[in-house]
Each structure stands twice: as structure tokens, then as C-alpha cells.
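Take a look at the structures listed below.
One chain, chain A, links the two complexes that follow: it is found with chain B in the first and with chain C in the second.
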Partner chain A sequence: MRGAVTSWLLAAPLALVLAVFLVVPLFVLVVVSFYDYDSVRLIPDFVFTNYIEVFGSMVTWRTYAKTFTFAVTVWAITLLIGFWIAYYLTFVIEGTTKRTLLFLICTIPFWTSNLIRMIAWVPFLGRNGLLNQALIGSGAIEEPLEFLLFSDFAVTLAFVHLYTLFMVVPIFNTMMRIDRRLIEAAVDAGAGFWRVLWHVILPLCKPGIAIGSIFVIVLVMGDFATVRLMSGGQSASVGLMISAQISLLQYPAAAANAVVLLAVVLMMVAAILRVVDIRKEL
Partner chain B sequence: MTEKTTTGASSLTRRGALALTGAAIGSGAITGFPTIWAQNIRNVTLRQAGTGVSGLNAIAEQCKKDTGITLQLTVLDSDALAQRTATQPRSFDIADIEYMQVKKVYGVGTLQAIDRKRITNADKIVPLFTTGRLTPQSPIAQGTAPHTVGFVANRTATAFQPQPTDWMTLIPTIYNADTLGIRPDLIGRPIRNWKDLVDPAFRGKTAIVNVPNIGIMDAAMVMESMGELRYADKGNMTQAEIDRTAAFLIEQKRAGQFRAFWKTFDESVNLMASGEVIIQSMWSPAVAAVRSRGIACTYQPLEEGYRAWGGGLGLAKHLSGLELDAAYEYLNWYLSGWTGAYLNRQGYYSAVLDTAKAFMSPAEWDFWMEGKPATVDILAPDGKVMEKAGTVRDGGSFTDRMGQVACWNSVMTEDRYMVRKWNEFIAS
Partner chain C sequence: MPGRLGRLLLATLFVVFVLFLYGPTLTIVVLSFQGPDGGLTFPMNGVSLHWFGRLFEQQAVGDFGASITRSLALAAMVTAATVVVSLAAGMAFRRRFPGSSWLFYLTIASLILPSLLVGLGIGLTFNRAEIDTNWWSSAFGAQLTWTLPFGLLIMLAVFNRFDAAWEEAARDLGATPWQSFWHVVLPIVAPSVIGIALFGFTLSFDEFARTLLTAGVDNTLPLEILGMTTTVTTPVLYALGTASTALSFAVIGVALIALWRARARRIAAAAR
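Let's look at the complex of A and B:
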């Protein structure tokens, strides 16, 4: 009995923090999403206009399609890059010191802010940017490449740059725990490189991949700054749509959009967790 | 001043002892000693919420020096400011706000009208703000012209009056005529019309401002210039007109006409300075910022005229007693010349020209206001050379520029619909 009380007490602070800073705001969000509004005021009410506008507008569907495209592309690329970086760190590099050092090098870009890392691409990719100047200077192209900046390419590039590490870390973490004897056994039994990878390493990395995927997908789905800056305001994302509504004081519309986005992202996370049981490995 | 005590502790700490002094004096015991009021005005702090355009520390410093009033500036973007004005009336004393926003927020009743009789220079205010005409002959521009939202019937009324009254919603302080900015070195041909923004020759090298109320107006100027559509009132479009305009913008976007949409001042500066864009919507200080980097940039006057905007200072409803007196003192100071000269020197215009003139050198006045070639180097407020001797201001004199206004920044009746359509365009 006393143990139970202690457990409750130990859990209470976190529960309280979550209640105040997560549950209450979410509740308010849902409530406001049913409000009415005019150009300056929120009008407490219970109307479905906001949701009707969200689902009734082609823009919403197109924006979601665009956001999914970004999420899937970025997920695939970061997974590919992240997996091989983790593989290299785990199985190719010998010695803990060297491995830790190389891992730390991976984190160096994170010593500066997200926004700065993103904006740094702008002078590099621009029409008169470093890359175009170098390519023109070397005679590779005649005219500057316009698609490099203010395009979907630029957005994807920035996302990959920003979020690959979120894939590397959890995969690296699970890979390091793989019992090397399993691989030895597989090799002894005659499995080649790809077979070991497919039947031994990959299944054992699943929890890491799942966690990395959740990070990347959630971050991309909710992003608005990267899409706006790298596409020059030309591309849309759900986050950007919400931020535009907030700046125009259409809070109920933004809240309705946020509720829908939250539901969508939760479903995506649930789907990932259904495929991979991450608890098993934590 | 009982009102004050009900605002609670936060108000007291914010203004500290001043509020206490105010409360003591405002108790009514000292009626009949106006001199004490005048002295105490020197201790008042006024909280002003405004945009970056005129929320300038230099003005607050000079105000402190001249009147003793401490001005606490909060700088917000235009929409956030409108929202704060409408929903948090106790968080500010003075609203430094645009006339188009007044149309939206004044009806909420968080501002009190300003007694014209207490404004010393009221009669000298440029007639654009009272009759809507620069000269008695000039036409009234479309859109939310300041004079249409400038007057109400009494201190607490919220319905706008068509004719000037003794109660003003705002004291006008700053205004300008906006047009397109171009890179004359890269554009390769003379630019004369708004429709040049969508010239296929500049495909992928143009930008438009992504602030719906302003962007739609720039788009309307382009549409009219092309002869695509003639609006009954660009500043108050019908749904059909909004649909046509949005469809046109989407078509242009799909064709790749725009390189980017910018939202903040520095984005527009970077787009222009880097050469990503050679013609775009622009605001005058952004043009100055590009030029100050040694890059050619012209604020191009166009045949169809300018899109104008104007802002002013409004008083929060809760102001009374000593603070209200201080606020009036501040408004009078604002129009008394120093600030006017300061704003004129940045390429804006001040509401009372005579007083500003007294604070400007004849050379400055001739350059900024008369549109004459600069006889000496024109310096920025920080002392750097802004324009070399011999330069002429883009667009010429005050009357040339403000006399060519085609429309004012507006809030439309169909505002919500327009914003939705605009967002569809941005997301398309």
C-alpha cells in the first residue's frame, strides 16, 4: 500500500506538468476549433464552419498531399543516409574512441541553430550563389540553375540536412547493441553480406529505424519555417497554412487545422508503432 | 483613478511609482491646480504599441528630451498589432496603427476618439487626411482612404463620419506612396507600368508581397494595368473580382512568373540585393537598404499611380486624467516638427508639413519634398551618406507622388473571403 502511494507521488510531478502544459492546451485547442471568428475577435460558439472549410477546400487536400510528399521523400532519403552512416560507425570503424569521435563530428552542425543551418543554404544555392558560380566558372553549365533555390528541391535538401542525424542516432544506438556473435554465426552458416544485412542486422535495427522515422516524419509534417524559407514562400505545407492563419488572427481556423494535423500525425505514428514494437528493445 | 487600481499588481509594477503618483493626483483632490499636472506629465510613461515602421527609439529618446514623457515602445507586425488593439486594450496606451486597420478594429471600441480642439496643429494637417484630396481639385483615391475612417461623432462613438468632425480616430503621423522596386542594372528596359511585373521576359525574376491586404492590391494594380479587369473599387472588391484576381495570380504562379513571395522587410531586401529578383513589390526603406549596399535599385514611379498607406496614433479607451493629458501632450509634440522632419528624411511623409520644414535644412527639404536634385550629399539619420549630391528622388516631389495615388491600403468588406483566396494562391 505504501509502495503504491510512493509510486503515485513520484509520478505526480510529471503528470501535473503534462496536464498543465499538454492536456489543458490541447483541450483549449479543440474547444477553440469550434469557435466562430471575425477579423479581430474570437466568438465563443459551437460551429463546424472551421472544419467544413478545412475539409471542403481543395487547398487543404493539395497541401496535405504536398506535405506527405515532403515527409515520404525526406524519410526515405534520411533513412538511406542515416542507416549507412550508422552502419559505418558500428561495423566499419574499429575502436570506441574513434567511433565516439566520429559520432561527435556528426553532431557538430547541431551546435548552431536550425534556422542558421537552413539560411546558410540560401547564398550557396542562389542564382548568383557559390554553387552556380562554381559550375559556370568550371564551364559545366552556361546558365545558372534556377531550381536549386526557392524550389521543392531546396526544401528537401534542407530537410535532409537538418534531420538526418535524428535517423542516425537511434539506428546507431540499436546497431551497437546487436550481439556480434549473431553475425558471426550467420557468416559461419554461409550467409553473404546482403543476406546478413537483410536477415540479421535490419530486423534487429527495426526499433531504431522506427524511432528515427517518427522523429523525421513528425518534424517534417509540422514544419513551416523550412518550407517557407527554402521555397521562397512558393510551396505550401500544413504547418505553413496554420502559421498563415495565425498571423491573420484566424485562430479557430488554425485550431481546426491543427487538430486535423495532430490526428493525422498520431495515426502515422500509430501505424509505425504497429509495424515495430519499440518497447521490446528499449 | 480607481480604474487604475483595478488593473492590479502587474500594472503597478510595470509603471512603478508613476502609477502611484498618478493615482494620488488623479484622485481629484487637486482639481484647480493645472500647473501641477503640467509638471507631472514629465513623469508619465506611455506604452505605445506599433509597427517597426515608426516604432523608432530615436523618436522615444527625443520625446523624453522635449517633453519628459517616457515612451515605451512595443513593436509588432501589422496583424498582431490590430489584434492587440482589439483584444488587449489595457496592454497599451497609444496605438500606432495603420488607417486600414482602424477600419477593422475601431468598431470594437477599445480606442477613444481624439478631441481635435486639443491638437494645436490640427488645422495644418495635410488635407489628404481630412477631405481625402491633396488639393481641392485632386480626385479621391480608391481603397480605405484615411479620411473615410478618420472621424467619429463623439468621444465614444464608433461609427465613422463621412465629413470631418471634432473627434478624430487617429492623429495622422506617417504615410507614403508605394510602388514597384526594380534593379535598373539588370532589368534591361524602361519600366513604366504595373503590368511589367508579369512580363514573361522577367519570368522567375519577380516577387510579390505575401501580406494579403497589400499583395491583393498590388495584383489589382497589375490587372487593371493589363486591361484584364476594371474594378469598381480595388480597395473593396466583390467576391467575383476577388475570384478573378486570385485565378490570375495562380495562373501566373503556375507559369513560373514569381521567384518568391516575401513577408518581411529584410526578405525583400535580400531578394533584390542578391539579384534573385529584378522587379517586385517593395517598400521605400527596403529600396534605401538595397541602395545603401551600393546596389542600384529604383523605386519606380508607374503610369497608373501609387498604392498609398497611412498611419497614425490612437488613444486607448482606458486613458484618463493625467495620462490622457500626457497623451495629448505627446500627440502635439509629434506634430510639432522634430518627428516630422525625422520621418521625411527617411522618405516617408509627415502629416504637418510646415512644422517639419522648420526642422529640415533647405537642401533636405528641396530633395525630399520638392523633388529637386540634391545640392549636397543627403545624410541618413545615422549620419551616413544616403544619396549623393545631384540625385533626384524617385518619383519626384511630394505633390507628384502623393498626387498620383490610385488606391489606399484597404480592409475589404469581403476580407475573410479575400484572405482565403489569397492563401489558396500561395498554397497552389
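Let's look at the complex of A and C:
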């Protein structure tokens, strides 16, 4: 019993911070989503108008479709790149020092601001940017490509740039724990490269893939800054829609939208967790 | 295992990936030294420190000096709180206690909930409670919801591999729980604690999604940058990016060097 009291005391600061800055705010968010409002103030009430507006508006459905498209595209690309980078580090590179060094090289960009890493694409993708200059210089095109910056392409590129690391790290982590003898056994039994990959490595990497997927999908679903910056306001996302409502001081509408987004994100996470059991990873 | 062609392809992919990661950031570092008449892209129109000088003019950037000071102070507060709270929670989680799995899932939820929603929730809570939001109060708490999960997960990984025999030995020799923590546990986990501090610092220093709606009237550096992205069309933006990145790397570098020297001293002391 004394043990439990000590544990509680040690865990109390964490519990307190999360209670004040997570549990209560989420509760308030739900409460405010039922409030009424006019142009100047919030009116405490219990009305469903905010939700009716969310579900009744075509804009919401289109925005969700757009956001899902971003999430699925970015998820597929980061998974593909992340898996093979992790594979390269784990199975192709030999020697712990070299592997650690190359892994660190991949993680260093994580120490810089996401905003700056987004801005960094401007000199590349702009109308007079490096890519257009190179393409024109090589004679591939005559006129600069307009779609590079401020487009869905730029948004997707920036997402992949920012979040591939979140895929690499968990996959690398699970891959490193695979018992090499399993692969040797498969090879001895006559399995080729792809069969080893499909029947041995991939199943054993599932928890890492699931954790990486949760990170990437949640980050893209809740994003507002990347879409705003990289599309120059020409594309949409749920996060951007919410932040637009916030800037118009329509807090109850924003809160209702936020609650819906929260439910959607939690359902997506739950779906991933149903497919893959990650508990032994934690 | 992949054949020679496969290895070559994977090595190429890796090199391209690293170039993809570093290329753009290095480009803006170079472009921040653009001459006074230079634009947002190449060619370089001379080389100068002009845009770094412009950082300190009020009209070019909001209030660069004040926002960077604020960001550093906030990052220091968040780092200290993250280290202490995660270390304590990590110690608590070494054995199961009533409610431990609830607290664990709550911490994971804090990590994966969209940041905008957490910020909005905290902003609304302060609004309803009629308390002004400030960078040192509401934004401080908002950033902790982001840094603490990382801190706890690192601590859990550390204590998973921790050999409890060291503590038993200390206890057998008559150490109080506090003595065994201070003289045995803490020195062993110290490198990971420094790791948590570095994570806490950089996560806080660059955070904007949870800070945006909770910082109140005074901007932190990332919020300043976020505001500038839509209005500023000169290389002063790149200079700000370069300065912020350099500062962040300097703090991490100093911490790593201190850590490395402390380790070298300890090894030398042990050899004596």
C-alpha cells in the first residue's frame, strides 16, 4: 500500500498537468460546441445548430474529402520511403557505428523548425525557383511551371518532407529487433528476397508501421499551417477550416468542427489499432 | 537479402532521401546571406549580412529580440518541467499502481490529439474562466501536453532496461530511498535525462500549433515566423530561419559537448 501511495505522489505532477491542460480543455471544447453565439460573444446554451451546420454544409464534406486525400497520399508515400530507408539501415548497412551515424543524419533535420523547413521550399519551387531554372536550362520546358509552389503538389511534398522521419524511426526500431536467424531459416528453406520480405520481415514490422502510420495520419489530419503556407490559401483542410472559424471568433462553430475532427481521428487510430496490436511495443 | 543491384538502388534512395531532407534548408541558409538587392531565390546578388541586420529593425520583423527572448525563456521553463515531471512519472511507472494504465493512455492521447484542438481547448478554457492567456501560463501548459509524452516514453524505455539489482545493493548497504535515487538511479539514467531535456527544449522552441491559440498577446519566435510567412517577401525571412536554426543547434551542441566531457571525466576518474 505504501508503494501505491509513493507511485501516486510521483505520478501526480503528470496527472495534474494532463488534467488541467488536456482533460478539462477537451471537456470545455465539447461544452462550447453546444453554445450559441453572435458576432460579439458566446451565449451559454445547449443547441445542436453548430453540429447541424457542420454536417449540413457541403463545404465540410468537400474539405474532409480533400483532407483524407492528403492523409492517404502522404501516408502511402511516407510508408514506402520510410520502410525502405529503415530496411537499408537495418539490413544493408553493416556495423553499429556506421548505422548509428546514418540514423543520426536522418534525425538531425528534426531539430529544426517545421515552419522553416516549409519556407525552405520557396526558393526551390517558386516561379523563378531552382527547379524551374534547371528545367528551362536543360531545355525540358520553355515556360516556368506554375503548379510547383502554392498547389496540392507543394502541400504533399512538404508533408512528405516533414513527416517521413516519423515513419522511419518506429519501423527501424521494430526491424532492428527481428531475430536474424528467422531470415536465415527462411533463406535456407529456399525463400527468395521478396518471399522473405513478405512472409517474414513485413509481418514482424507491423507494430512499427502502425505507430508510424498513426503519427503521420494524425499529423496530416490535424494540420493547418502546412496547407495554408504551401497552397498559398488555394487548398483546404479541416484544420484550416477550423482556424478560419477561430479567426472569425466563431468559437462554438470551431469547437463543433473540432469535436467532429477529434472523433474522426480517434476512429482512424482505433481502426489502425484493430488491425495491428502495438501493445507489446509500448 | 537484396542482390548487388538491390543494394545499389537502396543506397541511391538513401542518398536522395538525405539530399531531400537537407537540400532546402541549406539553400535558405545560403540565401540568407543574399546581398541587399537580392531576392527570394537564386542568383545570389552579392554576399552580405544585410538581412541579419534587418532582423533587429522593428518594421522588418515584428519584435525579433523580444520574441526570441520569450521563446528561450519558455523553452527553459518547459525543459525543466519536462525533465522533473517525466523523471518522477517514470519512477512511478516502474511498478503498476491503481490507475496507471489510465494515466498511460491519457499521456498517449496527449501526444496524438491534433495540436490545433488542444490549443483551441485550452484557449476556450481560459476564456470561460476569464483568465488571460499568456506565454508563461497557458502556452506553457499547452507545450507540456506535447513534451511530456515524449519524456515519459523515453523514461519508460530506460526503466525497462534498468537493472533493479543496483538499487537492492544500495538498500542492503543501508541507503534511504532518496539516497538510492540520488546516488544510484539518477547517475545511471543521467544520459537519458539529458536526452529528455534536449527533446523538451527543441520541441518547445519550435512549437507553434499548440502555442498559437494560447500565447496571448506576446508572440513566441515560431509565431513571429508564422505571421511573417504571409506578409514578408524579402530574404529577411530566411535570415530569421537561419538565426533560429543556428540558435537551436548551438543549445543542443553545447549540451552534447557538456555531456561528452562529463562522461570523459567520469571514465578518467574510474580509471584512476
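Operating definition for what follows: the second predicted complex is superposed on the first by the 267 of 282 C-alpha atoms of A that agree within 3 Å, B and C clash if a C-alpha of one lies under 4 Å from a C-alpha of the other, contacts with A are read in each partner's own complex, and residues count from 1 in each chain.
Just so it is clear, a contact is a pair of C-beta atoms (placed from the backbone, for glycine too) under 8 Å apart; a residue touches a chain by one contact, two chains touch by 3 or more.
Note that the coordinates shown come from a computational prediction; the quantities given were computed from them, not determined experimentally.
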Next item on the list: In the overlay, answer first, second, both or neither for which of chain B and chain C A:G126 touches.
Entry: both
Margin query: A:A244 in the overlay: touching chain B, chain C, both, or neither? Say first, second, both or neither.
Written below: first
Check: A:D38 contacts which: chain B (first), chain C (second), both, neither?
Finding: first
Notebook entry, point to check: For chain A, which side has the bigger count of touched residues, chain B or chain C?
Noted result: C
Margin query: For A:P203 in the superposed arrangement: first (chain B), second (chain C), both or neither?
Written below: neither
Check: Between chain B (first) and chain C (second), which does A:G192 come into contact with in this model arrangement: first, second, both, or neither?
Finding: neither
Next item on the list: Identify the partner contact of A:V59: answer first if only chain B is touched, second if only chain C is, both if each is, neither if none is.
Entry: first
Item checked: Overlap of the chain B and chain C footprints on chain A, listed as residue numbers -> 122-123, 126, 128
Checklist line | chain A residues touching chain B - in the complex, by the definition given at the top | finding: 38-41, 53, 57-59, 62-63, 122-123, 126-128, 146, 149-150, 228, 232-234, 236, 240-241, 244-245, 247-250
Note to self: Residue numbers of chain C touching chain A in their complex, please.
What the structure shows: 1-3, 6-7, 10-11, 13-14, 17-18, 20-25, 27-28, 31, 39-42, 84-86, 88-89, 91-93, 95, 97-100, 103-104, 106-107, 109-110, 112-118, 120-122, 124-125, 127-128, 141-142, 144-145, 148, 152, 156, 202, 205-206, 208-209, 213, 222, 225-226, 229, 237-238, 241, 244-245, 248-249, 252
Notebook entry, point to check: Which of the residues in chain B come into contact with chain A in the complex?
Noted result: 77, 79-80, 82-83, 86-87, 104-105, 108, 204, 207, 210, 212, 253, 258-263, 270-271, 274-276, 411, 415-416, 419-420, 423-424, 426-428
Notebook entry, point to check: Where on chain A does chain C make contact in their complex?
Noted result: 3-4, 6-11, 13-15, 17-18, 20-26, 28-29, 32, 42, 81, 84-85, 87-89, 91-92, 102, 105-106, 109-124, 126, 128-130, 133, 161, 164, 183, 187, 193, 214-215, 218, 221-222, 224-225, 229, 239, 242-243, 246, 251, 254-255, 258, 261-262, 265, 269, 282
